[in-house]
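Shared chain: chain A. Partners: chain B in the first complex, chain C in the second.
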Partner chain A sequence: MIWVETIINGVLYGGLYGLLGVGLALAVGVMRVVNLSHGEFIVLSAFLGVSLVRVVPWLHPLALLLPVAVIAFCLGFGLQAVLINRVVTRPDPFAGILLTFGVAVVMRNLMVEIYGADPRHLQAGHLAQASAGFGGLHVGVLPLLILALSVALFTALQLVLTRTRFGRIVRATADHRDVVRLMGVNPGRVYNLVMGLSLALASVAGMLLAIRASFTPYSGVERLLVAFEVVVLGGLGTFWGAMLGGITLGVAELVGLRLDPNAGPLYAHLLFLVGVLLRPNGLFRART
Partner chain B sequence: MTQIRWRALQAVAGLGTRRPGRVYRWSIVAVCVLAVIVAPWVIGEGAQRFLSEAMLMLAMAQMWNLLAGYAGLVSMGQQVFVGLGAYGLFFASISLKVAPFWVLPLAPLLCAAVAAIVALFMFRLREAYFAIGTWVFSEVVSLLISKTERLGGERGVGLPTARLVDPRWLEPLTFWISAAIAVASVFGTYALLRSRVGLGLMTVRDNDVAAASIGVDVWRNRFIAFVIAAAGCGLAGAVSFTATLYVAPGFAFDPNWVVAMMIIVIIGGIGTLEGPILGVIIYFALRETLTVVFGLSAGWYLIGLGMVAIAAILFEPDGLWPLVRGRLGGDWLSVRREPPTPPRIAAATAAAAGVRSSPHGLGATPGDR
Partner chain C sequence: MTLLEVQALDAFYGDFQALFGVTLRVEAGETVALIGANGAGKTTFLKCLVGLIGSRRGEIRFAGEPIAAAPAERISRLGLSLVPEGRLLFPSLTVEENLMMGGLSRRPGAWSLARVYELFPVLGERRRQWPDQLSGGQQHMVAIGRALMSNPKLLLCDEISLGLAPLVVDQIYESLGHIRAEGASIVLVEQDVKRAAGAADRVYCLLKGRVTLHGQARGLGLEQLSRAYFGT
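So, the complex of A and B:
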């Protein structure tokens, strides 16, 4: 029974991991730039959440998801407009990753200087302890809520990209950056919006993860690696691939922790390496 | 080999354009060697330690430059070899009960072996995927060592065998070895790039389709570069941790190693051999200015360096070396080859087809890719 519970918890945790990765998958798919500061933005949104809780202590942290997501959207828009758009058209494929890595170094150390290196945690009150029982199994209410929210966001993203005019423009830009110009689309502006959306999704994941696990300014590296592993494992062409990748990693991590309590994310990383070894060809189709 | 060494010396003493006599060149080399040998008695212990650190950092940056600037492999997990080199040296020295310097060659050998195995599956990943794949590998090794109590676990291990070295000689020996590693990293990379492998690497970097069409083995050339870079980082890492007499996973596999390598190479000039030298000077000058003169914390100097690196990528993607080059009389260590003169063409047609490489890494020759 304990194993069933572990696997259910892994699935719930994995939904969150999927959310960590889907923003990155969106940015990679549309702009072909792996944003190495993705993890730093995830941690930054958690810090923003902590700061906002201090300003409005009477509001539940889950109610702060929206304002933090709006801030993250603006930051992403600005990051793309001011920095990444300058290198995205270069023939050199490394300019983007080196640039965003520089951004990550600056952000990480700024967060250390501003917030200090102590581990933080986002309090969710009674909700964090509440659990629901189904036939002898105990599952936390909060993880269930988080999974539901992840699924809702995934569905919304999928609908926006497949059913709306904006989504069609994004997909067209991803496929042919130069051709959409002929149709009156400015690829730079599409990129700004997509990066904003990518980081808004990351911020939701960052806030939710901060409720479930403590974080420090240095957690960005770990978050980025998880997000990236989700993208690579799930590179199946749809965002549901990212969700499946996240769930696989979540289950691997929790089962690993059950077998070996001080393993940390070791088993998730190992699963990723094995996945890369076995399915290298399935890894590069991370498109929208 | 003599030929290669001769060319290297020619490059450093001749400063590219002038062609002074043999005696002049050799005397410059002799003065440099002598300066390094007597330095420990002239400069203080602090300066020795500082210079050792800078020279080891130069070696690591040069290895990263070989990968990113010439082989088209951006590795974000190069710190794994720094750490493995250190752990390899510590455990070889402790288990064999010999002074650490005697088992120094084992560190690069271990790293080369690990790199050869890792390359087999990491090379399936390209570009950013390779970058993060190597990073994940580094995290895995770090977590595995943290969990293994026999390797010291998270607390790390000391180096008791350092007592086998006369304490008066410990600092000077580290200094000399660091200097030798730095020089070897620069001229070794130079020799490698002038060789067939290096030509192949640059051909692939500049135009991989054309390179493959004239029969350049992309995989093999990259494999050689990756293994050499791993060995170089392992050697530098081993010496670096010998100086501190203590190694722990948090320090050995710190991503800040690769952050430093990357920033040095980008500031100095990616895809040039002189770039990392200039980059190291700027990196340490900035660090000392910000932390010693202005008394800022380590965090602020990393913020400053990160911003300089961002500015470099945006405005000077070739780094600062191309700006300085003109004032110093051309490239010191040019790996560019002149087109062959008519009698040599017949022999070199195949090789010359793809070797008009640009000296630039980022934003290479316009129009390719």
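So, the complex of A and C:
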């Protein structure tokens, strides 16, 4: 029974991992930009959550998801418009990698300067401890909520990309950034919106993760690592793949912790390594 | 009325000069063929017109407006539309979505999804399919339909017969007749000189980035053409 519970919790937790990665997958898929500051933005949104809780302590942290996502959207939009669009047309992919690496370093130090280096976390009150029982199984209410939210966001993203005019423009821009200009579309503006969306999704993951685990200004690297693993396991540029990749990692981590409480995320990383060796194109490659 | 007027156009790829003082005009309702060997600068010329080559010098007036320095996004809204070489369809969009991309500018006019499907009925049957599931000729039709969706005053066609079976080429050229009937002017870039001269009112010949010949399509002699084409 305890193993079933472990796996269920792993799946619930994995939805969150998927959410960490999907923003990164979106930016890579549309702009071919690997945003190395993705992890820092995840941590920054957690800090924004902590600050906002102090301003409006009577609100539940989950109610702050939306305002933080809006702020993250604006930051992503600005980051792309002011910095990344300058390098995105270059044939050399290292320009974007170096630029976002620099952004990550600056952000990390700014966060230390502003918030200090102490570990923090977001308090979710008794919701964090509440659990629901199904036929003898005990499952946390918060993880259930988190998975539901992740699935809802994935579905929404998928619908936006496949069914709307905006989604059509995003896919077309990803295919041929020059040809869309012939239809009156400015690719730079599309990129701004996509980076905004990418970081808004990351910020939701960052807030939810901050309820589960403590974080410091230096946690960005770990978050980025998980996001990378999710994207690569899922298959570059596919969104449901990222979700499934996240769930795979989540289950591996919790099963590993059950076997060896000191392991931390070791088993998830090992699984990633095996996955990449066996299926270098991702476990869940699908047609976009 | 003159729709497009190009005066002494130079174009560059870095240090390499691809066009030298090209002068050309297109009257409203006219079809102009631009012929020339591989590398003569035909595609470069079209890219200059739509704004995809930033390094250009000279004067380009379209429907009275100077566009030599305008970005591609703005030029497309003025009613200049390109069927690019190699089609360049969007592989992640269905046939219908590809066509809808062409309609983004919402310029009013005769062309709509329904009219494009009327022109190319096979596209209507395959509208939910991906471009790579279509034959080469059908993909050309999508590219032409996509360009028509913006209701262009001037349609630029880059090598629309390249790699197609003769029967399919006939079909494509037949559709150009319908497009002209709706009032659009056309610039045809072609390597097939006979085909181009047959469909056009006037012909320009490019050789190594320079105009070597222009005149009425009907009066051109074969010897005169081959001298302009090959530079002998």
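In the analysis below, the second predicted complex is superposed on the first by the 277 of 288 C-alpha atoms of A that agree within 3 Å, B and C clash if a C-alpha of one lies under 4 Å from a C-alpha of the other, contacts with A are read in each partner's own complex, and residues count from 1 in each chain.
Everything below uses one rule, namely that contacts are C-beta pairs under 8 Å (C-beta built on N, C-alpha and C of every residue); 3 or more make two chains touch, one makes a residue touch a chain.
Everything numeric here is computed off the predicted structure, so don't read it as measured data.
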Combined model on chain A where chain B meets chain C, clash or fit: fit
Chain A: partner with more touched residues, chain B or chain C: B
Chain B versus chain C as contact partner of A:A172, first or second or both or neither: second
Contacts of A:L127 with chain B and chain C, given as first, second, both or neither: neither
Which superposed partner A:F101 touches (first chain B, second chain C, both, neither): first
Partner chain(s) touched by A:V141 [first = chain B, second = chain C, both, neither]: neither
Which superposed partner A:V34 touches (first chain B, second chain C, both, neither): first
Touched partner set for A:A81, first chain B, second chain C, both or neither: neither
Touching partner for A:L244 - first (chain B), second (chain C), both, neither: neither
Lowest C-alpha to C-alpha distance for chain C against chain B (Å): 8
On chain A, positions contacted by chain B and by chain C: none
Residues of chain C touching chain A in the complex: 50-52, 71-74, 76-77, 81-82, 84, 88, 90-93, 97, 100-102, 104-105, 150
Touching residues on chain A, where the partner in the complex is chain B: 28, 34, 36, 83, 86-87, 90-99, 101-103, 105-106, 109-110, 112-113, 221, 224-225, 228-229, 232, 260, 262-266, 269-270, 272-273, 276-277, 280, 283-284
List of chain A residues in touch with chain C within their complex: 165, 168-169, 171-172, 174-176, 178-186, 288
Residues of chain B touching chain A in the complex: 68, 74, 76, 121, 124-129, 131-133, 135-137, 139-140, 143-144, 147, 255, 259, 262-263, 266, 297, 299-300, 302-303, 305-307, 309-310, 313-314, 317, 361-364, 366-369
